[in-house]
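Next up: some structures, all given as structure tokens.
Both complexes below contain chain A, partnered by chain B and then by chain C.
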Partner chain A sequence: MNIQTASRLSLLLLLAPLGLWLVVLIVLPHVDMFLISLHEKTAPRVFEYGTANYTEFFTEPLYWRTFTRTAVMSIMATTLTLLIGFPVSYYIAKMLRGRLKSFLFLLCLVPFWVSELVRTFGWMILLRESGVISNVLQWVGIAQGPVEMLYNDATIMIGLVYTSMLFMVVPLVSTLDSLDDSLVEAGYDLGGNAFTVLRRIIIPHAMPGIVSGCIVVFMLTLGNYLTPVLLGGKNSLWFTEMIYTQFITRFNWELGAAFGFLLLVLSSLIVWSGLKLSRQTLTETMG
Partner chain B sequence: MNDTTDKAATFDLECRNLVRRFGDFVAVDDVSFGIPQGDFFSILGPSGCGKTTILRMMAGFLQPTSGDILIKENSVLDMPPNRRPVNMVFQQLALFPMMSVGENIAYGLQRKGLGKSDIADKVRSALDRIGLPGSGDKSIKQLSGGQQQRVAIARCLVLEPAALLLDEPLGALDLKLREHMKIELKKMQDKFGTTFIYITHDQSEALVMSDHVAVMNEGHFEQIGTPQDLYYHPDTAFVAAFVGETNRWHGRVEQINKDGIKVVTADGVPLLATSAGGEQHQAGAEVDIFVRPESVVIATDADRVSSMDNRITGDLVSILFNGANSRALIRDRQTGGELDVALPQTGEFSHLKRGQEVHLGWGMAQAKAFAALTDSGTKEVGT
Partner chain C sequence: MIPSIPQPLGFRTAYGAYVALFFFYLILPLVVVATFAFNDSMFPSLPWGGFTLDWFFNDTEPRMGLFHDGRLLESIWTSFYIACWVTVLSVSVGVTNAFLFERRSFPFKNVLYMVMLLPLVIPGVILGISILVFSSTIANGMENNFGIDLEFLRPSTFLVVMGQFSFIATITTLIIAARLRKFDTTLEEAAQSLGASKLTAVWTITIPYLKPAIIGAAIVAFLMSFENFNTTLMLVGSDQPLTIAMYGRLREGSTPELNALSLLLMTASGGLALLSIFVQRDRK
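After this line comes the complex of A and B, so read on.
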């Protein structure tokens, strides 16, 4: 065996676990899901192929409205996370040095030491009618009676931004870290003010970080189940809830699979148009 | 130039009693100087001497602890960097990689609020002047190191600043390109007529390009003068040691004659020298004696140097051949110290062999004695 075939073989062996993982856990289930989504029930345990599940989605307003709502709210949550995360990241990456820097970075990570379920219950303890904030407001005298802050869109938004923050801050800090301070100084030196330096130098430099942060946050938000269900309750439907209901409660795997596929198409479409709008490529932002 | 010599002159840029402390550390210690319009002014000093701190204070990125900075006779201390009429060329150039070459040059002009066609004209003429016509749409990465250098300078010069601040901009280039850029920078300064303030630790950069050089050490200026002044008439031992190549002896003054002093080194070698730096050394004072390699006469025949004030017999250690700048390293027989001697350009000594006996001699006037340096930066010939 010569060296060339040997090195090709070792490359194949190294790639094997990744390939296996992709095929067994991602590709195969999705192929199966797609096939299931094309099943039409004609009689108990009798199916034929057709697009009835997809037609049902478009004809039933509850389905596609929840779908659009989820997409719009995910985009809003992503934007909000970016707006809050950017100054935070800039502060960590550029203003701080040494131990304080790693300490603040660690602080962003600390909430992830407890499970998402517990974190969400934490928010519920704060925001519910008999919760901490409601009691404080009554005690101070601002509110006359108990205030219910759970089960609305604003609460979902808070929860989503909170759970996503780390995934925005990490890529932003690493791209901002690589921004040479002298570029910012040169921006000022040549007559720029804070706004022009931000617009012409800092943001273009951080663009790969912004886009990759946004993609990750958007995907996580769109596919989030726990936060919208617990904080939104019955007043705020999330599309993942619909998928769950079809699979588990209604036992309608065919429609659930169709929903799952639509969600996949939607997220791919939005990420693709986001990349086109920001003139970035996937390899550039993820590489 | 120096405000003690010419008080009436107006300066493009002036620093008065500038002090900057970082905690207990004094980075810049009471520095005053003025730079006339169109001057190429260098601040030369070893790394960590505070020269970059001065430059950053002029640019406005650092506030002085005390003292004043004046541009065209107006104090600029309250002016943020983006409004100061000085521009800076950074050590790593800091060209904006997210913009094209043309956009880099246009950036400052846009900030001034110039019209689109005006900016396009200025960018085009700037690119012509730096020898890169038609490169406006190229990305920064497509340019070579020297071309990037020129763009970084042009980007500042289109703004017609009162002074251009350059922070060791040649440091990142390789040797050959650096030699070339030295000449190019000097030409560019002539062409634009802008005042240049150039920071460097490389004495040859400072000597070749500058009209005036300030030698800086541990936060203060040792001497300000023309390159010739610094080389031939250093004021302090530090300047004598730092600027140019030199041989150094350390010793004690034994006797004061009417035109010189007699110094005896620790090895007991007597040397004749002249007091320099405006000091008159007393008998018993510790001094450093500096002799330039080109002041030493080298001969194979003892008679050729017999009339010289100082004479040494030594063995050739090696010849450091470098064309017209070739030098010989010679070990003193008596003390074992090594001397650096310039070889005449005629090539008559090119046949010298290792270990051969040579005779060295130099005049008293070429040996300059300064009060001893506390911290010896250069190696000594013998003690």
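After this line comes the complex of A and C, so read on.
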């Protein structure tokens, strides 16, 4: 066996697991999901191709309203996560040094190694009618009777922001960490105030981190199931829940597949436009 | 806004207080979950009924403790079994992918690298349903055309492993490739010029160098699999993994047994997380 064939062979051997994984578990399933979403039921177990499932989505207000609601709330949650997380990341990256810095950074990470289920459970114990906060409010005298704080949009938002925080703070801390202090000093020396320095120096420098944080947070929020369902209860109206209902409860896979495809299109569209707006590529952001 | 530039005291205090408040928000739910594991009451809520270890060790209904609850223990075993398979598969594929992308050049490499990243930006629920749809298509096709019933392609533990592997493999690839990128290839060449074959060189020089990344990736893969919910929900068969079983109990309304379980999970995953940080720390 000469060297060239050996090299060819080893390349093929390395390509095989990758190819199998991507083709069998990613590409073909999504193609198949798309094909199923184009199935129209004409009689039991008889199908023909058509766009009836998509028409149903656009004509049934419950479906497209839930879809829009999920998208809008995900964008809100992403913005909130960024606004809350940015000052904290900046504090960790630039205001602290040494031991305390690595300790606080670790402290940011540790809660997120814990299952999302446990975290959501914590919020349920805090916020429900017989929960901790309700009791504290009564004890202080602000509330007269038990207060139910679960099952509304604000609660869903609290839970979503909480769950996403890690994915915002980590990229932000690592980009802000690479900002040279002397650039900030130079900004002040040239007569800038805190606001202009933030706007002209810090934010442009942190842009890659902001973009990758926002993309990951948005995608995770859009696809989240646990937090909206457990904290929002019957009022959550989250699109992933609707997909679950079509698949598992109603056993209408054709419509469920169409929903899934629409969600995928929406999430890809937003990820793509986020990358375009900030002139970055997926490879730089994730790799 | 850096330490070398003086800021008014009021601003600094406010900023510090904000960060403190943030960490309070971060820790609060976890502390609450852990505390109520020891509450001597049927519900994980106030009033505080006193300290008890019943929710861990008691062996009679209605106050069944975690370590005597057969159904929960079984679901922990199921999750463990799934996580082991996912870890082995995704770390092996991660290693081959790392060598492929860091060492070889071939046509459409960049395109393939991008496709490899895609599972990270596909929502977990969608990964789950697409694999469910595809495997059913195959299973139905086999049954209708050949009369073969492929049970494992219906919602089952096998499908859960496949579903979780489909995106965890991307993460292990990224972790291992990042370390392989820093490897000095002259070390391999030195081994080869001393008479080792290419495979021996890789096995005795490169793989030991990659070990921290491999262990780190394995821990991450194990935890992500153990805690996964979205993808698992769509593919789960008759054996419920822990997250699915816990979710069911949460919706029914729960006893502090669930808090005890959560505390156990927190300790275990916190420990593993620290271990992975410790292992991956570079001895420069």
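Observations, loosely collected:
Convention: the second predicted complex is superposed on the first by the 254 of 287 C-alpha atoms of A that agree within 3 Å, B and C clash if a C-alpha of one lies under 4 Å from a C-alpha of the other, contacts with A are read in each partner's own complex, and residues count from 1 in each chain.
One rule holds in what follows: a residue touches a chain if its C-beta (ideal position, glycine included) is under 8 Å from a C-beta of that chain, and two chains touch if they have at least 3 such contacts.
The shown structure was predicted, so the numbers you read here are calculated from the model rather than taken from an experiment.
On the superposed chain A, the positions of chain B and chain C stay apart, so the two partners fit side by side.
Residue contacts after overlaying the shared chain place A:180 against chain B, while chain C stays out of touching range.
By the touch criterion stated above, A:190 is placed in contact with chain B alone, chain C being left untouched.
Once chain A of one complex is fitted onto chain A of the other, the partner contacts of A:4 are absent, as it touches neither chain B nor chain C. The partner of chain A that touches more of its residues, comparing chain B with chain C, is C. By the touch criterion defined above, A:215 lies against chain C but remains apart from chain B after alignment on the C-alpha atoms of chain A. For the combined arrangement built by superposing the two complexes, chain A sits at the apex of an angle of 90 degrees to chain B and chain C, based on C-alpha centres and given in steps of 10. By the touch criterion stated above, A:249 is placed in contact with neither chain B nor chain C. Per the superposed model, the minimal spacing between any CA atom of chain B and any CA atom of chain C is 5 Å. Comparing which residues of chain A touch chain B with which touch chain C, the overlap comprises 185, 188.
Residue ranges on chain C touching chain A, taken from their complex, read 1-5, 15, 18-19, 22-23, 25-30, 32-33, 36, 43-47, 92-93, 96-97, 99-100, 104, 106, 110, 112-127, 129-135, 137, 162-163, 165-166, 169, 174, 223, 226-227, 229-230, 233-234, 243, 246-247, 250-251, 258-259, 262, 265-266, 269-270, 272-273, 277. On the chain A side of its complex with chain B, the touching residues are 180, 182-183, 185-193, 196, 200-201, 204-205.
Note for the complex: chain A touches chain C at residues 11, 13-15, 17-18, 21-22, 25-30, 32-33, 36, 84, 87-88, 90-91, 94-95, 97, 104, 106-111, 113-119, 121-126, 128, 130-132, 135, 162, 165, 181, 184-185, 188, 194, 197-198, 202, 215-216, 219-220, 222-226, 230, 240, 243-244, 247-248, 253, 256-257, 260, 263-264, 267-268, 271, 282-283, 286-287. Within the complex formed with chain A, the residues of chain B that make contact are 59-61, 80-83, 87-88, 90-92, 94, 96-99, 107-108, 111-112, 155-156, 159.
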